[in-house]
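Working notes, structure below.
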Amino acid sequence: MNEPKLRKLLHDVHGGRVPADRALKQLKSLAIHDLDFARVDGHRSLRKGFPEVIYCEGKTPAQVVKIAQAILRHNDNLLATRCSKETFRAVKRAFPKAKYHEAARALTVVHKPLPKRGGTVAVLCAGTTDIPVAEEAVVTADIMGNRVKKYYDVGVAGIHRLLSLNEELLDATVLIVVAGMEGALPSVVAGLVDKPVIAVPTSVGYGASFGGIAALLAMLNSCASGVTVVNINNGFGAGYAASLINSLATVNSH
Amino acid sequence: MNEPKLRKLLHDVHGGRVPADRALKQLKSLAIHDLDFARVDGHRSLRKGFPEVIYCEGKTPAQVVKIAQAILRHNDNLLATRCSKETFRAVKRAFPKAKYHEAARALTVVHKPLPKRGGTVAVLCAGTTDIPVAEEAVVTADIMGNRVKKYYDVGVAGIHRLLSLNEELLDATVLIVVAGMEGALPSVVAGLVDKPVIAVPTSVGYGASFGGIAALLAMLNSCASGVTVVNINNGFGAGYAASLINSLATVNSH
Amino acid sequence: MNEPKLRKLLHDVHGGRVPADRALKQLKSLAIHDLDFARVDGHRSLRKGFPEVIYCEGKTPAQVVKIAQAILRHNDNLLATRCSKETFRAVKRAFPKAKYHEAARALTVVHKPLPKRGGTVAVLCAGTTDIPVAEEAVVTADIMGNRVKKYYDVGVAGIHRLLSLNEELLDATVLIVVAGMEGALPSVVAGLVDKPVIAVPTSVGYGASFGGIAALLAMLNSCASGVTVVNINNGFGAGYAASLINSLATVNSH
Amino acid sequence: MNEPKLRKLLHDVHGGRVPADRALKQLKSLAIHDLDFARVDGHRSLRKGFPEVIYCEGKTPAQVVKIAQAILRHNDNLLATRCSKETFRAVKRAFPKAKYHEAARALTVVHKPLPKRGGTVAVLCAGTTDIPVAEEAVVTADIMGNRVKKYYDVGVAGIHRLLSLNEELLDATVLIVVAGMEGALPSVVAGLVDKPVIAVPTSVGYGASFGGIAALLAMLNSCASGVTVVNINNGFGAGYAASLINSLATVNSH
Amino acid sequence: MNEPKLRKLLHDVHGGRVPADRALKQLKSLAIHDLDFARVDGHRSLRKGFPEVIYCEGKTPAQVVKIAQAILRHNDNLLATRCSKETFRAVKRAFPKAKYHEAARALTVVHKPLPKRGGTVAVLCAGTTDIPVAEEAVVTADIMGNRVKKYYDVGVAGIHRLLSLNEELLDATVLIVVAGMEGALPSVVAGLVDKPVIAVPTSVGYGASFGGIAALLAMLNSCASGVTVVNINNGFGAGYAASLINSLATVNSH
Amino acid sequence: MNEPKLRKLLHDVHGGRVPADRALKQLKSLAIHDLDFARVDGHRSLRKGFPEVIYCEGKTPAQVVKIAQAILRHNDNLLATRCSKETFRAVKRAFPKAKYHEAARALTVVHKPLPKRGGTVAVLCAGTTDIPVAEEAVVTADIMGNRVKKYYDVGVAGIHRLLSLNEELLDATVLIVVAGMEGALPSVVAGLVDKPVIAVPTSVGYGASFGGIAALLAMLNSCASGVTVVNINNGFGAGYAASLINSLATVNSH
Amino acid sequence: MNEPKLRKLLHDVHGGRVPADRALKQLKSLAIHDLDFARVDGHRSLRKGFPEVIYCEGKTPAQVVKIAQAILRHNDNLLATRCSKETFRAVKRAFPKAKYHEAARALTVVHKPLPKRGGTVAVLCAGTTDIPVAEEAVVTADIMGNRVKKYYDVGVAGIHRLLSLNEELLDATVLIVVAGMEGALPSVVAGLVDKPVIAVPTSVGYGASFGGIAALLAMLNSCASGVTVVNINNGFGAGYAASLINSLATVNSH
Amino acid sequence: MNEPKLRKLLHDVHGGRVPADRALKQLKSLAIHDLDFARVDGHRSLRKGFPEVIYCEGKTPAQVVKIAQAILRHNDNLLATRCSKETFRAVKRAFPKAKYHEAARALTVVHKPLPKRGGTVAVLCAGTTDIPVAEEAVVTADIMGNRVKKYYDVGVAGIHRLLSLNEELLDATVLIVVAGMEGALPSVVAGLVDKPVIAVPTSVGYGASFGGIAALLAMLNSCASGVTVVNINNGFGAGYAASLINSLATVNSH
């Protein structure tokens, strides 16, 4: 039951066309429907200005195109993650503005870019092989209206590379730190800054790295305060959470 | 917002005392409260005739007594699991009808026992050390109004013990099969009967039994159809699910 | 030793053609054969009205056809799970009535459909990628003579979708709830209904989902009573157990 | 080398008392000391207004008192986590203003409370046994200058309790969601709000909950966006990260 | 149905007192009872000359005494494993011949020792901390009628100790090799002999030995042929299996 | 230092051509070489009458042919496991008597078959998908000179199939029991016989079978005595150990 | 800020061209840059005489060529590990001196070989399938200027092969011991020598070897002192650490 | 066969008192005894100047005293690890020079201290709770004749503490780096120095640190070259390996 219908019901009660008892019964049975339009509202406010997102893995190009069309009917922008080139080409045919972010394996369609917020999301990664996950975070945070700065290949084995960035890092509002192998980078970064750090373990590594478990455990056990963690390789999740955090600074920044 | 209040609001709209628009706003903001009373209803029907249950582990005797008082204000019966003797004695002082089921480490207060349903819940266990878990299932199913039959120490290493029960097992409506170590019993039982089998792994065993994981995995991988599994040592969960299943037979049995 | 042979032996004893002692010895040595025919009986009653089932993974199309022929010699219907299109085509040549359920990757041959029972098996799944597993449950429950209702894509991240189904869910006799990732859906559903809930974890997810382990553990640890669990992706097992449960309601429903 | 010393060196060079080459050598060898005072500065700004924190586990009461004295020499406030009553009594003797938060097993000494920021940190927990972890988060966020609102015992098995809080939850700046067992609550909450959600798994549960691993995995695999995770039982870490996030909103809120 | 009853039935048929058809029905329904006496027979032959065994862990002294009495009513000898001194003292009061094997934590009551077989069971262990498990194997094999030779503290880090035993080891019929830590000993031993080697991992070790898992995995992955493995610390299981193997040599040795 | 060289040295000492001191030094430095010829002897006796074995996985056809040629220069027979058809064809060209055992994925070259021993190795498997592993055991035991009897598809879900074999099983000298999924079969078999049972877990199964870990754990935790375990899918290891055990019976059987 | 710039600044202060306060500010803000040139120095000394290393996995041939060009601009030699033949061919075109080490899957470009140090790095491996990992260690140690001796296929199942090498092993400065399956070799070797042993587990094995975890755990739990461990299959890491250790002997050997 | 006996045999051959053939036979049968004295020699050279070591865990005070007496009969010094105060007091009574290292839980008896070698073993640890493990390494390296320098509480969350030590660290011959939680310190240290780094994970941490597994995995997956790893909490193993490495530098340093 959407708002107009509810309004009509109440007016009908008011106008005596529907007795109170029948309306009561209808309202009770429709309680969920009341929530239903609340959900729409809530969700609209929830995602205001954010593109809807498609996770492409396990979907055919045709399916992705169909979902993209459904989303873009009511939205200006679109983000699709874990997207193959083949899927991109199919979406490109339907939406000429589609753009492929090869390193991130992400696709975006931006008809009306969001204005950039005031803060900065810093995205760091430890090694060059972590870049795809970092880029997924970058593309996500970018399309959601955030300024993003990238600091790649600043792993702890050459700690001075990281230290030379110290001042720049202090300027970021929120930091996403991507690392595989021993996953030590977020601990070091969180020791240098006083901002929230979102750690992203990657499946980079071999032997007893267990597809990222070693890095994940390291990050969960970080000796530095202020670190929270997302799932292995989940660059999108980190970018999304960083955007929510950064928007707090923005929303209140006037 | 409970029913009387909602009724009054609608009458007020009908009587012109509350304009439709204000009622609309109130209803929207109270949608959850509509659910709230639904919850009460739903829950009442959900748990009709079932005792509320307290999981005592990690609660002090005093806390358990307090919760028991709250429950027994509106319920006839009470089940408390993982209950120490000390806690039992505290509850006994408050409710003289409290009874301690030592093997099951469970406490019951039964002011008005539920009438027994028609079907039978069979509870089997593999070894004598599995009995506490089996007994928790028995006490749970019993207080929820089910006839329970017990078949203990019928492990697969002496398969004939089990086979000699074949006909009796075929009479059960639902079977709870409790086993530790290699957890093979549910597979064998499910191959003998055509009724739902609820498997309960126990933490009995040593070495690579991993506190019941070996048995749990065995049960999840059962080669026999009709087996579903609950958590390690979760006799209560098995008894509860068995009661829900047995009540299906009962509800429809006239 | 089948029944005619046993009857003959007893008549021979009765007619004095076989002394009691020799018969005693023969019976003792043949005790297993007695069981052997009991097995046939038991199994016939066990599977009465149920199709035999072939698990196709690791079998060649030719092997599946051969098994199918053996089954359909004595059965009206057949279910084959984890069936490739290639295997389906081979079976189709032998049994023109063979039908392929693409989403479920299941094959059925139904020469004489079972009459539908009274209750309803509700099959819910959290996301669209869980659908293959849900469909395997649907096909299984359907061919075993159950009415099935499907509620797909009702994951907990948009809880209102689920809540809007509340009344319908309360009508089901038994619910199969399929979910990957964090596997939270069965807990929420079991909190809403008073019927048995069979939880099916799926291998959907990435990173630390461990091919469904995360969902499996979540379901085993459900805070809601009445949940039992089957193995990861085991839609067939859930459908089979649900049918056993639903048949309880049916058997007794007159 | 602190600032005065560095200033003196440069003046000595300027005044010709120290040749440039010797100063060069000294500066190179002391480069780390430069960092050293930078560290002090950085740390001062990093922790501005935040109490230093002692993790008491594995430390004797005497050791904790000694560390507390060192901290309170330069700080107004102090937080100590995982603190036994015995340790509290020892600290109380040294600092009469010491206060014990029993549920959180935390100790605070507040000589000059921080002014409260504008936003709100909401702390939810699923069951009553999760409360100690939730309280650790509450005490942490509180002493760091945040307004905290608590919503306890709102687990997903009775989803309506949670839904009835919907509007309040939407008012929070950042949400900490604490849950053991199947760890489903953060996914449901993150589906209802558009704010960052920090999920805290607890070791509550038994059997295959593996001391919180089940809940941890569930949270890492959350199907809802915006969820980040801290280590099992790490209420402090969640409170600290929430404070960093909430301070973003505050810092910019004028 | 025991033998006398069956004999009577057949005589009744023979004597015309029971018609063949009724006997047929009775026999079918009692098939399991036929098995029942077969079980007794089978078990008697199965365990001929072997003492019954009590696993004491989790049983009270009183319970152990009661079981011991039941066993010794029909058996000459008794073995009880994982037996505390307290339990031993209780059994000693009932059976003055009870003997406690402290290192093995085992209790034996031997009223009529079995004659020793011809072959030899060699029991090796890697370190002195593995001795309790080795001794459990020794006591088990000994009471079951085997000659046992012990070679302790012959771990692979000082390989020459082992090599100096080479000729003696070649004389054994079956070898039990007990080792914790890296569990390498069985591989080395199996490379030196041409007899069956039963490997027993122990929970000796710390850190990543995982209570014996490291040794267990090493043994399962042995590069030497002829190694089979029992559970962690399962000295009894190894002794029992070794006795079964050694009895093969004995049974046929004339 | 081989035997002739050692003999010469001693004769040189005896004949005064080498002083005792120099011989002492030489002997000390060559102590290992003494072992070296002992190794040859030991190994010859160790493997007397047994074919050498090639594990083909990870070797090219050319490499396997080369190793086969080296072995068959000094041996009558050859066994190669995990052998592809392509490798077989390459070996076939070099050794026309080469035979491929398709189900076992094994290759044998038998120029002079070993005479069969007196005992019997029984090989059981639970399901048809376990057959390849069972066949590897069969081929191994067979070429090593053992009579083998096969009992396939006797899984515990239809326990009567197994029970009908009871008497035959009692005739075996040693039993190899192969099972995947829940791995319950060895426990049931070991409860029926009084002979050594070698359990072989297979990687058959899906979901939480973890490539055979579930079955492996079940077998290690068997409640039946007399069970020892080999690695997952290690049919060869089971066949080899069974042959060692069976040869004990044989060696002593006259 | 490199050395010349720093020198100029100090001279400017000395010459009065830059006031001390401005220099102070500049130095503070550049503290990191001071470290920056220290890093260059440190790294130059760190890697003096060592080739830079490229890990090729996950890099395209073109990327590897590009990195190789960057490295060889300032270095005489180059090592690239996990290198495909295709990548080798691409590098070969750019650097005709490139050489492919097929067994090690490594590529080297050596324009000016390092002079060999005095000590010896011994590389042992257990089986022929461990050779690729061993060879990676060999190539690494060799290009870093170490004499390397190889002892392959000396697994513990035929312990005498290893013992016959005893004297040679005692001559090595540091030993790398590579083994899969049960990973027992390093323990035996470390018991024979008094030099550091670096253990390298390999993913060789099947069933419960878990891709090398069994061997890794065995090595971490070695009962022999002096063993340290690198990651599974990490031949490069072992070779690199062995070179660092061997260089200690060399650096000090005059 | 020890050296005198062997000498006598050779002289007997030389003197014609023992024919060569009989000596040959004797030598072959005694080959192991030859090894036996070689072992003594080898071990004497192996442990030259090193104290024998007792691992006290699981041994009674009386047992430790007895072993200590055996060792000190032939050795000047003794190290005992994991030693309780009670055990220390017992040893102290027997050896008044016994000294207890409380932090390390180690006991030493030093009658004739070894002269210190030239190099330095640096021992770093991340947090104060890692100190016991670090101290075990210190005591071990110290008694084995090494100069040890300690750098405690230099964890990566305050990276500047570590960096300020840079020059001192470069002076060490070998570095032991002890860390729990996320185990990041060895990676950072190995990036700063060009010497071997031995990483020691500790069981410090909670939640998903799994008793040190998180740190262990991090160290095995270190992105910095030159890191090798010992078992969790194995300070002794690290100290021992470091001493072997440091002695290389010493042995060759003149």
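Labels A, B, C, D, E, F, G and H are assigned to the chains in the order they are written; within every chain, residues are numbered from 1.
FYI, contacts are C-beta pairs under 8 Å (C-beta built on N, C-alpha and C of every residue); 3 or more make two chains touch, one makes a residue touch a chain.
These figures come from a predicted structure and were not determined experimentally.
Where touching is counted per the definition, the chains common to chain D and chain H are A, G. Of all chains, the one whose mean C-alpha position sits at the greatest distance from that of chain D is F. Between chain B and chain D the centroid-to-centroid distance comes to 39 Å (mean Cα coordinates, whole Å).
Note on chain placement: the centre of chain A and the centre of chain F lie 56 Å apart, centres being C-alpha means. Between the CA-based centres of chain E and chain G the separation comes to 50 Å, rounded to the whole angstrom. Separating the CA-averaged centres of chain C and chain H is a span of 60 Å. Residue numbers of chain E whose C-beta contacts span two or more other chains: 32, 35, 38, 42, 158, 163, 166, 192, 207-209, 213, 216, 220-221, 225, 231-232.
Here the chains touching each other pair up as A-B, A-C, A-D, A-G, A-H, B-C, B-D, B-E, B-F, C-D, C-E, C-F, D-G, D-H, E-F, E-G, E-H, F-G, F-H, G-H. If you check the complex, the residues on chain H that touch chain A are 126-127, 155-159, 163, 181-184, 187-188, 190-192, 205, 207-210, 213-215, 217-225. Residues of chain E touching chain H in their complex: 128-129, 158, 160-161, 163-167, 204, 206-209. The touching residues of chain A, when paired with chain B in their complex, are 3, 6-7, 10-11, 13-14, 16, 19-21, 23-24, 27-28, 31-32, 34-35, 38.
Residues 35, 38, 42, 45-48, 53, 118-119, 163, 166, 170, 173-174, 192-196, 198, 216, 220-221, 225-232, 236-238, 240-241, 244-246, 248-253 of chain A are the ones touching chain D in the complex. Residue ranges on chain D touching chain H, taken from their complex, read 29, 32-33, 35-36, 38-39, 43, 57-58, 201, 203, 212-213, 216, 231-234.
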